[in-house]
Amino acid sequence: MNDNNIKSWKVSLYKIIFEADTPLGKAFDVALIFFIMFSSIIVMAESVESIKYTYGDDLLVLEWFFVIIFTLEYFLRIITVHNKWKYIFSFYGVVDLLTILPAFLSLLVPSAHFLLVIRVLRLLRLFRVFKMVRYVEESGILLKALKASRPKITVFLFTIFSVITIVGSLMYIIEGPTNGYASIPESMYWAIVTITTVGYGDISPQTALGKLLASTLMIMAYGILAVPTGIISFELAQASKTPVTTRTCPDCALEGHPPDAIFCKKCGEKLL
Amino acid sequence: MNDNNIKSWKVSLYKIIFEADTPLGKAFDVALIFFIMFSSIIVMAESVESIKYTYGDDLLVLEWFFVIIFTLEYFLRIITVHNKWKYIFSFYGVVDLLTILPAFLSLLVPSAHFLLVIRVLRLLRLFRVFKMVRYVEESGILLKALKASRPKITVFLFTIFSVITIVGSLMYIIEGPTNGYASIPESMYWAIVTITTVGYGDISPQTALGKLLASTLMIMAYGILAVPTGIISFELAQASKTPVTTRTCPDCALEGHPPDAIFCKKCGEKLL
Amino acid sequence: MNDNNIKSWKVSLYKIIFEADTPLGKAFDVALIFFIMFSSIIVMAESVESIKYTYGDDLLVLEWFFVIIFTLEYFLRIITVHNKWKYIFSFYGVVDLLTILPAFLSLLVPSAHFLLVIRVLRLLRLFRVFKMVRYVEESGILLKALKASRPKITVFLFTIFSVITIVGSLMYIIEGPTNGYASIPESMYWAIVTITTVGYGDISPQTALGKLLASTLMIMAYGILAVPTGIISFELAQASKTPVTTRTCPDCALEGHPPDAIFCKKCGEKLL
Amino acid sequence: MNDNNIKSWKVSLYKIIFEADTPLGKAFDVALIFFIMFSSIIVMAESVESIKYTYGDDLLVLEWFFVIIFTLEYFLRIITVHNKWKYIFSFYGVVDLLTILPAFLSLLVPSAHFLLVIRVLRLLRLFRVFKMVRYVEESGILLKALKASRPKITVFLFTIFSVITIVGSLMYIIEGPTNGYASIPESMYWAIVTITTVGYGDISPQTALGKLLASTLMIMAYGILAVPTGIISFELAQASKTPVTTRTCPDCALEGHPPDAIFCKKCGEKLL
């Protein structure tokens, strides 16, 4: 095998692993989605005491089966990719490593409980697959809308954070540690639980004044909750609009022709 | 009675049972809505211990009254419909059978508690009635909007599911079984309860780090909750827009000209 | 005093009491708002054990002061209004009566606890005042939007109700009375608490299957919650739009002129 | 140093402190943001028992460090500002004073627990900084949308308040003090907790009738929650719309012509 052969072999392997335009590339992606999901379910199952007790050994075998596959995949990625270091230190490179590292580390540090759970981060790898399989369009519009609304969301989040801090501090004075508001951070946690309308009820106001302040916060939360929805709803409409304003009729100068128009809808002149 | 007579008799019965354009067909539908609702209320009433104890026998009589009516209706449907097997295995055919089967099965297996509750599925039959009585237009717009937003919703649900899994796993590490987070699925259940802002409070974070992560999740939930609302709000506006599809070019037959168009935007022909 | 004098005196009194265009009419309305609000606060205050114990007598005096004023007002309304019986049996006529009746009835039946609370319904009278003082425009748009979205909301509510009944019944089978799901209505109550994201936590799923079903319901609630918001948001936009489509240029036939346009914006022709 | 020098020195100091267009002004703002945030974190940390016990002295030193800086800043603001009394009694002037006063007062009244928490109000000062650093545009649109929706929101809030009072009173009759609904204000607190979908669960209906009313309230809350979102979503779209006010008629000076207008819609004059 000469150098050229290895190169072309590498390129076709690269296309299978990193792209999804060829049948083999698609098959690889589908298999990967299956492996990632199934191995994540194993991590979850392992955490259930009763399942681990009964099927612990089977889960361990399956886990190592997946780890070996993911390890192979990881090295194939390193081999086929052009800029190896860039890949290794990229976001997905690190996620790929975190997918397999905990299993190997658990051989050295057997009781590393939390290490094993980190494996669940392999779910993040799914986003790469989706990125390839042309789901981008839709998430593109969503991301565009979210990005466009970032300055508004920033102002909004800052206001929310101020409200949380101030209401939290007031509740700490009003209710105090005897009623469960042990400290300002604890009171802020309560304010967040309330303003987001989650309302666990682990901490709740006991005094009349506290209930009044809490009620005010909740009514405010109403209007506040409406703001991000309104923002995203609006930005989504903006992001999804077809660009109709760029084309102008050379004869009557009417603006706003849709992208598929060939003739001006007003004077019938051919558009440029 | 000759064959023809039976046929015409079948057709008119079909029109009464399956359609709602004739006065009798409408009366049949109204009666059916009443029977379905009343019989569903009986199923509910039966499940209340005190009511069952006092009025158990009356409820049983009423239930069998409805079952006999629904059985008659079921057989009339089979008799009058043209493609019998297609009906029997259709969605509503199965629902119609589930409406009456549990009652008959309970004669054989008297203690089949859960069988009796299945009868509540007869509520699904109401959707068929609504389908006939021209309520479709409105639900049509809703369905159109929901269908149009499916790809966006899919991306959205996948993101949500990843967030739930990852946050759930992290909480399992941070809080652990001693604080109620017994396993990763249990922690994911907590994450769902939190991210949807339901917040039962049956499980809630106890440690400072857990509360911090929970707070982050709740603030995120804010923005996240806004996304589907924004999507549906936008798609609804799209689906409800005045139909621009009524005008057709007399030359090239292109449809969907806006109301202010004078010339076809594709071929330049004057529109009528 | 002749008949005519009484008539004109009645008319001017009618204008003061039922309308709000004259200075006296406005003053009457402002006084009424104050009386209604203050007397409602007294009903509330009376229900607080400690306040009633200390200030019980003062509250009683104030209450009777308001009852006498409202009784006077009620009889003035009957005297001045043209169609007396229509007023008495109108919505606001009944509310006006309910405002004063409980106080007089409590003289006969002293322990009629619930009667006294009915007095809080006098708050409903505020809506009449608002109706007069030109706040209608804004609430008009809101009502218009709500009315326009009624068929969509009906379809939506019916779907919600079916989901609640079916999920409630399933939870009753899965969890059963031992886990707090005592009956189907009770389970439906839980389903409502969950689907509206209120989440008291007085009943919450205990089994794995129940938690799975609850999680599905919550995720569904996400999308479901978005529908009415989307509907109202859309209808509000429709209701607020200035009607621009009715006027057409007599020369160039351009449609959609705003109501304040005098000349066609395209050809400069005077609009009709 | 002559008078003129002092004046120019004052002016440049004023520009640094009150404005943010010069490099020094920007640096001052960034430093201020850092100081405000860090000193707020100290207030929070101080409220946590364990942290105060261990690092109490360090926190005290840091706190006084910030108080001295803020005091210096306060006096510099007074010196450089033209209209001194107007600044002192302005909103931010009072907030600036509240930032430093509690620390000095705590020297006189050592146990003034609540005074120290007031220091958290210094967070409000951040809004002034943001006001300067050109974040106004975005918050401007938000404020514009909120202001435009004020009359709608007022009608909405009044309706909500009436619903809360009436449902709260009814629940007080239905459930009564034995089930936790101790008084009408308490029941109104429950109604607010429910209608905003917070749902702590500290008070929840126990009787069948109470649960029915609560369910009705929750389903209503669905639709109600949609209203402010719809309002803000709509007003935001209005506020963000391309400004149609730039074109002015050369003849009658009417503003606000749409971009496709050729002639003035009021006087028929050709637009430029």
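Per-chain residue numbering starts at 1, and chain names A, B, C and D are given in the order in which the chains are listed.
Heads up, the rule we're going with is that a residue touches a chain if its C-beta (ideal position, glycine included) is under 8 Å from a C-beta of that chain, and two chains touch if they have at least 3 such contacts.
Owing to the predicted nature of the structure, the values given are computational and were not obtained by experimental measurement.
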item	value
Furthest chain, CA centroid comparison against chain B	D
Copy pair chain A, chain D: interface residue numbering same or different (half cut)	different
Separation of mean Cα positions, chain D and chain A [Å, integer]	30
Rounded Å distance between chain A and chain C, as computed from the means of their C-alpha atoms	41
For chain B paired with chain D, centre-to-centre distance based on mean C-alpha positions, whole Å	42
Chain C: positions in contact with at least two other chains	185, 188, 197-201, 225, 229, 231, 233-234, 237
Residues of chain B that touch chain A when the two form their complex	151-152, 154-156, 158, 162, 165-166, 169-170, 172-173, 177, 182-186, 188, 194, 197-201, 204, 208, 211, 214-215, 218-219, 221-223, 225-227, 229-231, 233-234, 237, 257-258, 260-268, 270
Complex contact set, residues of chain B against chain C	40, 43-44, 47-49, 113-114, 117, 120-121, 123-124, 126-127, 130, 135, 137-139, 141-142, 145-146, 153, 157, 160, 185-186, 188-189, 192-193, 196-202, 225, 228-229, 231-237, 240, 259-260
Complex contact set, residues of chain C against chain A	197-201, 229, 233
